[in-house]
Amino acid sequence: MTLFWILAFLTVPAALTVVLHRNPVYSALALVFTLFQVAIMFVALEAYLIAFLQVIIYAGAILVLILFAIMLLSLEPEEPSPERSTMRAWGWGVAALLMLELGAVASMEHGASPAQAGPKDFGSVTSVATELFSTHLLPFELTSILLLVALVGAVVLARRRS
Amino acid sequence: MDTPVEYYLVLAAILFGIGALGVLIRRNVIVILMSIELMLNAVNVTFVAFARQQWSVDGQVIVFFVMTVAAAEVAVGLAIVLMSFAQRKTINADEINLLRW
Amino acid sequence: MNPYLALLMSFGLCALVATIMVCASWVLGPKNPTKTKLEIFETGNPPLGSLRGVRFPIKFYLTAILFVVFDIEVVFMYPWAVVFRQLGWAGLAEMAVFVAVLAVGLAYVWRVGALEWE
Amino acid sequence: MEVLFTFGKVVFAFLIVLQLTLILLWVERKGSALIQDRVGANRANIFGGVLPFNLGIVNTWMADPLKLFHKEDIVPEAADQFLHWFAPWIAILPLFVTFAVIPFGDVLVAGGYTINLQAAELDLGILYILAMLSLAVYGVVVGGWASNSRYSFLGGVRGTAQMISYEIPMGLALVSVVLTYGTIDFQQIARDQGELMFGILPAWGVFYQPIALVVLFIAGMAESKRVPFDLPEAESELVAGFYTEYSGSKQSVFMMADFVEVAIVAALVTTLFFGGWQVPYLYRDGFQFPGGFDIALPSLLVTVLQVASFLVKLFLFCWLQILVRWSLPRLRYDQLMELGWKRLLPLALINVAVTAVMVLLLDGRTIP
């Protein structure tokens, strides 16, 4: 329980920094921190393998890509523009509404866990891998096609510039 | 784990809302992409929390695929941003309002 | 003993030492800032100012994309490698298809010359 | 009590890193002097009267760090004040913590306790190391960006591209090791290497995976950004690359990060390919040589021998990297990228495929 509250009080401000900081580099670093916190949440939820993949893929790869793009554009902090203030208010309103709605649904009773103690190897590499390479084999193979398409698409787009 | 799964679900809902806020109020396309990442992560937390509650690793396997989708989305999204920056010298979402170049 | 508790200890200890090491000069060192000292070093020339407009080749970005795609491939291979003996030849075929598709991507990138640096 | 033991192991693992980096600094200075026929570090000669020559140990071990810590900490006006401080911190932290999962011995049996000599008994050790190494990139990116200087910026971008390029072959080399042993737990892998091949040869990873060893070693050296892969901090081109604008202890932290990376590569090579803490023919109750010739040893002595063996191997591979660093000239950037993407990556992929097929062929149970 203590762990959860610590995580919650670190994650929410970090997530707000991502969204509200004017300097995109700070946003990206705050996102790295948020993702790391989420990884710790995964450990608390006994998803050990996923927790490490979270750090390797998100923090180690995706965020590096984003930082690269920020540097490539040499971005400067954006100035708040006055004509958008009504839009901002709307944005806050809609987001708050969404948050309330989701929070209400999430806080409803979801029924007790079917068993107090789960299988001993829950969340271990073996259990996740067995599931991934048997039941979810088709999505796994399709993933490679998705990655291929993303790679080719990104290369085509990026090369057209030069 | 003595924390009820609802706590994690509410936290995920808050994270998702913050991500949605970023998409709505920010104009920097890269920050919008980061906000989308935040929302995807909130969904991942939900998946893992439910997997823990049901003692089923299916939820964890799905997170794999969500991560892959996130990576593909960012790679292509940023390529589009770079390309549009080269053409129009802006990454302001309000000014990138044409679907053609 | 929960290994994650040990990791937490390790992080705490290392963060403490890292902070001490990074801050040591600020605490122990002299503080005598002068105008020239605080300038950006550009081999003695007056600095050109902001980095705005400094561009670097798009190749670096392509490298990062390639890295993301292949990093995910490698990460998928770890769980596969652990249960490989149970999966047997079927497992080999599954991963072969996966890698073959991505190898097409690598071949494409190689062909269009995104791996060439001059 | 158990918590105390764990804390002790954490501190010990951390001390290995800290002391090793300082020793490596000395080896680097004195060793390069030896290679280049110079005298090298020769100040603070407090043992001068005892030894016929000056080893300079005190110089590099005590005086150098102390001197660096007393330098002025200069933060350029144009720099981002917070990130300028943050970059060296994030560069060193993920590297420091990696040693927590490296086993430095088998088990220590003393006073009714059985202590596993691995600070964090994590069964996902290899993934942990990969995760931490992938976080190490941030020190370079942020350091290059925060200084707001052209040299730093170019060095940072180059360094990042180099580090991420070599992470892929490194990861693939580790995959083939995982395939061979069927686990990603370092302690398990180290234990598995205690067996004998053909009754005489220790079953070390180097005999199963020589190609993975070569790939890992080269990729690891590239990760540590030292000659011949020092393009991000190439002195003759970019002044000092991403840490051009750093001084005093912050700069020394960046330097230290390179040495810690050398130590990590050595630890990986030792644990995965050279038996970790294993001493050939040494088992928990003493030596058992192939000819039926046994020597019984007390358990404590066995543990001491194993830890010593780990440290010696660790140091040996650090030294090998320093030797390479002082022997080879710097690569060109195109050569660097070509080596990573066009040579090491296909080689590592083929190695994984061959390993997988071999595992299935030799492991008769699963053949249909």
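Note that the chains take the letters A, B, C and D in the order they are written out, and that residue 1 is the start of every chain.
As a working rule, a residue touches a chain if its C-beta (ideal position, glycine included) is under 8 Å from a C-beta of that chain, and two chains touch if they have at least 3 such contacts.
Worth saying up front: this structure is predicted, and the values here are computed from it rather than measured.
> Look at the interfaces A-D and A-C and say which one is made up of more C-beta pairs in contact.
If we tally the C-beta pairs in contact for A-D and A-C, the bigger total goes to A-C.
> Based on the averaged CA atom positions, which chain is farthest from chain D?
Looking at centroid distances, B is the chain farthest away.
> As a quick test, compute the distance in whole Å between the mean CA positions of chain A and chain D.
30
> State, to the nearest whole Å, the distance from the C-alpha centre of chain B to the C-alpha centre of chain D.
Comparing mean C-alpha positions, chain D is 35 Å from chain B.
> Averaged over CA atoms, how far is the centre of chain C from the centre of chain D? Could you give it in whole Å?
Averaging C-alpha atoms per chain gives centres 17 Å apart.
> Indicate the residues of chain D shared as contacts by at least two other chains.
Chain D, residues with two or more chain partners: 123, 127-128, 134, 153, 157, 160, 164, 167, 184.
> Would you give the residues of chain A that are in contact with at least 2 other chains, written as numbers and ranges?
Residues 49, 53, 56-57, 60-62, 64-65, 68-69, 71-72, 125, 128, 132, 143, 147, 150-151, 154-155, 158, 161 of chain A each touch two or more of the other chains.
> Can you tell me which residues of chain C touch two or more of the remaining chains?
Answer for chain C, listing residues that touch two or more other chains: 4, 51, 54, 56, 58, 60-61, 64-69, 71-72, 75-76, 78, 82, 86-87, 99.
> Among line, ring, star, complete and other, which one matches the pattern of chain touches?
The chain contacts form none of line, ring, star or complete graph.
> Taking the touch rule as given, give the residues of chain C at its contact with chain A in the complex, in rising order.
4, 51-56, 58, 60-62, 64-69, 71-73, 75-76, 78-80, 82-83, 86-87, 91, 94, 97-99, 101-102, 104-105, 108-109, 112, 114
> Enumerate the contact residues on chain D facing chain A in the complex.
80, 83, 86, 123-124, 127-128, 130-131, 134-135, 137-138, 141-142, 144-145, 153, 156-157, 160, 164, 167, 184
> Touching residues of chain A toward chain D in the complex: what are they?
Touching chain D from chain A are residues 25-26, 29, 32, 48-49, 52-53, 55-56, 59-61, 64, 67-68, 71, 124-125.
> Which bits of chain A are touching chain C when the two form their complex?
Listed in rising order, the residues are 43, 49, 53, 56-57, 60-62, 64-65, 68-69, 71-72, 74, 76, 125-126, 128-130, 132-133, 137, 140-141, 143-145, 147-148, 150-152, 154-155, 158-159, 161-162.
> What residues on chain D touch chain C, complex-wise?
2-3, 5-7, 9-11, 13-14, 18, 68-79, 85, 88-89, 92-93, 96-97, 100, 119-123, 126-128, 134, 147-151, 153-154, 157, 160-161, 164-165, 167-168, 171-172, 175-176, 178-179, 182-184, 239, 244-245, 247-250, 252-253, 256, 333-334, 337-338, 341-342, 345, 349, 352-353, 356-357, 359-360, 363, 365-368
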